[in-house]
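Labels A, B, C and D are assigned to the chains in the order they are written; within every chain, residues are numbered from 1.
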Amino acid sequence: MSDPMRIRAAEKDGLVDVKILMKHDMESGQRKDSSGKLIPAWFINSLNVKAQGKDVFNAHFGPAISKDPFLNFKYKGAKGDKIVVNWVDTKGDKRTDETTAT
Amino acid sequence: MNQQRRALLKYSAVFGLMASAGLISVAQAEEWNKAAFEGKSLDEVYKALGTGSPDKSSAVTLNAPDIAENGAVVPVGISTTLKADQMAILVEKNPSTLAAQFFIPAGTEPFVTTRIKMGQTSNVYALVKADGKWSMAVKEIKVTLGGCGG
Amino acid sequence: MTLARGIFKNILFLLATLIGTHYAIAQSTADDIAKYREMIAEGNPSELYEMAGEELWKKPGGPKNASLEKCDLGMGPGVVDGAAAQLPRYFKDTNRVQDLESRLMTCMERLQGIASQSVIDAKFGVGPKKDMDAIVAYVVTHSKGKKIKVSLANPKEKAMYEMGKRAFYYEAGPFDFSCASCHGSSGKRIRLQDLPNLTTHEGAVAAWGSWPAYRVSSGQFWTMQQRLNDCFRQQRFPFPIYGSDVTIALSMYMAKNANGGIMQTPGLKR
Amino acid sequence: MIPMKNLLKIQLLILFVLGVAGLCTNVMAQQKPSPQFNKMMAESFRSEGIASVDRITQDATQKFCSDPQFVSTVAGAIKAQELQRLNMATISPPSDGSYLGDWKSGEAIAQSGRGGTWTDTANTTNGGGCYNCHEIDKKEISHGNIGPSLWNYGKIRGNSQEILTYTWNRINNSKAYNACSNMPRFGHFKILNEKQIQDLMALLIDPQSPVNQ
């Protein structure tokens, strides 16, 4: 079970500024637990953003993206655009959330 | 050559399986470049991404602090005046060099900001692909020891 | 005599130069750190906790299957807006001065049937304390931009403030630390972290007004209870019990010193 | 450097001036014991790991320094002198007669802030946490400023017996010089062992140490 994302999208001068916060531990596989055992890698490795059904952004992540990842980008769009964000992690967990550009 | 092809075949098979299992949407099926993300040096990543050796360019801007108060969260942004369709962030001294790869469709600005983990002070590279050619910007980010260390 | 004066002048000059260069270096480091903080300021992951907290507040839960929507945080049942900015305060129904977390424990126990002890005993960030973190994030977000306004009108509130002040200066343990060792004068740092002087209005606003916060170093949202807990840990004190009076007294001391300042909660910290 | 004896004279002079001023304006006694406060402290903490509740119990120095108003009075200044003598009496010179160890180990000890918390164990190798409060080697930019800069410590002061003894004492029990110094009493409370203190001494005083370049 994954937690919801926080997506903000605001249009200004024909550009929609999209800010995404994802809830994920992004375990790098380098960290040890309290008993000294290596915690296996587990991180979001791909992310897709669509606006009005069309791809506006794709990202692939390695293990070095920070916990609770943050992403900011801009695309040419309009107020009212329906924005859908999808991510998949290395265990195959996935999450979809959406918002409307303001 | 043969070995490489076999590896590629194996990889696409796994990928196909993931796609058919619905784990990834078709749009996301732009391959997660395993070899690149497992690269342990700039050269290995360059090779896996097929960038050649990218030239330093003033058209690429790497927006990052000189000092990070904490290596767990280092804000890094890339922007460029070039018509980029791909961008990447590389951290020279991280265990895995490639931190992220971005695909920029037409209509999206060649601009992205994210946050990365850095194990130690290192050079960070912003790579940009435009018109089939890769160029880059580089900057050293110092990672300091924070807190009481207790 | 003149020779001595000459030497004295030289020493002064040397000192001035030394301080001058040192200041310049320290200043540029401080500017770089300020840039770092500015860059991480947008996109505070506290928002993720706040979203979860709003759901927990409104959703029926606990053995009594009730929501927290009737919880009285001091401004009447169900009023969340601005409530955190006026805590700690005296509550008649418990006959205690309570901070946000201890008050929420009262609500969880009375409305939902969740035993306070189960919250107290839980480890930080797991089980009922994980829920508590989220609820706290939700409540304090609704005090963002509000004026800090605690009252000492009730004798118990006044007594709590006085004991908080005394606890602030209480030095003990193998390191001889009190809160004041680090937070009793201005312009001080540990490593590169600025230490707010909690005895001043400015410092108290900077600290009290920006906690609870998401800490990037641990990737966790910390309530004020957890913040104080880790202060005591580094102070080499024994373990402060969750919601105990010393934590509430210190909170009252800080909040009172911060009165009139603006809440910037939830914060984002190193 | 102002010789130590003169320092003492200046201190006494300040005391005297304070005293005269104090007689006219400042009649202040130590804060009254508060049973309510003591009850709160007793009930608010529990033992966890190596951090047991008895750590709340104060010694005379801690008790005195928890009352900053009294500390700032004349009576307080006199009391401070007495406590400083008491703390001075706790210090022993190095048992093997050597003051300087290995500056490289010293640097590691100065960097580490570990030890003494409830997340540590009795087997944790304690650090000095020196960089938390002091600038030491300039190469380390992440340093605090609660204590004075120790850059060029030995280069400025030399390595006379007087400096060796003073530095040794200061690390072992800083309260021997300033009853309410913010610095932990590393020797007195056995936070660091003798070898570690010798290594820190070398970091500060050894001419080879990066601190003295």
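Keep this in mind: contacts are C-beta pairs under 8 Å (C-beta built on N, C-alpha and C of every residue); 3 or more make two chains touch, one makes a residue touch a chain.
Because the structure is a prediction, the values reported are computed rather than measured.
Trainee: Find me the chain with the mean Cα position closest to the mean of all the protein Cα atoms on display.
Mentor: Of the chains present, the most centrally placed is C.
Trainee: Tally the contacting C-beta pairs at the C-D interface and at the B-C interface, and name the larger one.
Mentor: Comparing C-D with B-C, the pair joined by more C-beta contacts is C-D.
Trainee: Counting in whole Å, what is the centre-to-centre distance of subunit B and subunit D, each centre being its mean C-alpha position?
Mentor: Roughly 48 Å separates the two chain centres.
Trainee: Can you check how far apart subunit C and subunit D are, centre to centre, with Cα atoms defining each centre and the answer in Å?
Mentor: One centre to the other, that is 28 Å.
Trainee: Using the average of all C-alpha atoms in each chain as its centre, how far is it in Å between subunit B and subunit C?
Mentor: The answer is 37 Å.
Trainee: Give me the residue numbers in subunit D that touch at least two other chains, ranges are fine.
Mentor: Only 116-117, 119, 131-132, 141-142 qualify.
Trainee: What positions in subunit B touch 2 or more of the other chains?
Mentor: Counting only residues that touch two or more other chains, subunit B contributes 67, 72-73, 115, 144-150.
Trainee: Among the residues of subunit C, pick out those that touch two or more other chains and give their numbers.
Mentor: Answer for subunit C, listing residues that touch two or more other chains: 29, 190-192, 216, 219, 233-234.
Trainee: Within the complex, which stretch of subunit B touches subunit C?
Mentor: 63-70, 72-73, 75, 115, 144-150
Trainee: In their shared complex, at which residues does subunit C touch subunit B?
Mentor: 29, 32-33, 35-37, 39-40, 190-193, 216-217, 219, 233-234, 270
Trainee: Can you check the complex and tell me which residues of subunit B touch subunit A?
Mentor: By the definition above, subunit B touches subunit A via 18, 21, 23-25, 27-28, 30, 32-33, 37, 72-74, 77, 91, 94-96, 98-105, 107-109, 111-119.
Trainee: Using the touch rule from the top, collect the residues of subunit A that touch subunit C in their complex.
Mentor: By the definition above, subunit A touches subunit C via 3-6, 19, 21, 23, 25, 66-68, 70, 72.
Trainee: Could you list, by residue number, the parts of subunit C that touch subunit A in their complex?
Mentor: Counting only subunit C, the residues touching subunit A are 42-43, 45, 47-48, 51-52, 214, 216, 219.
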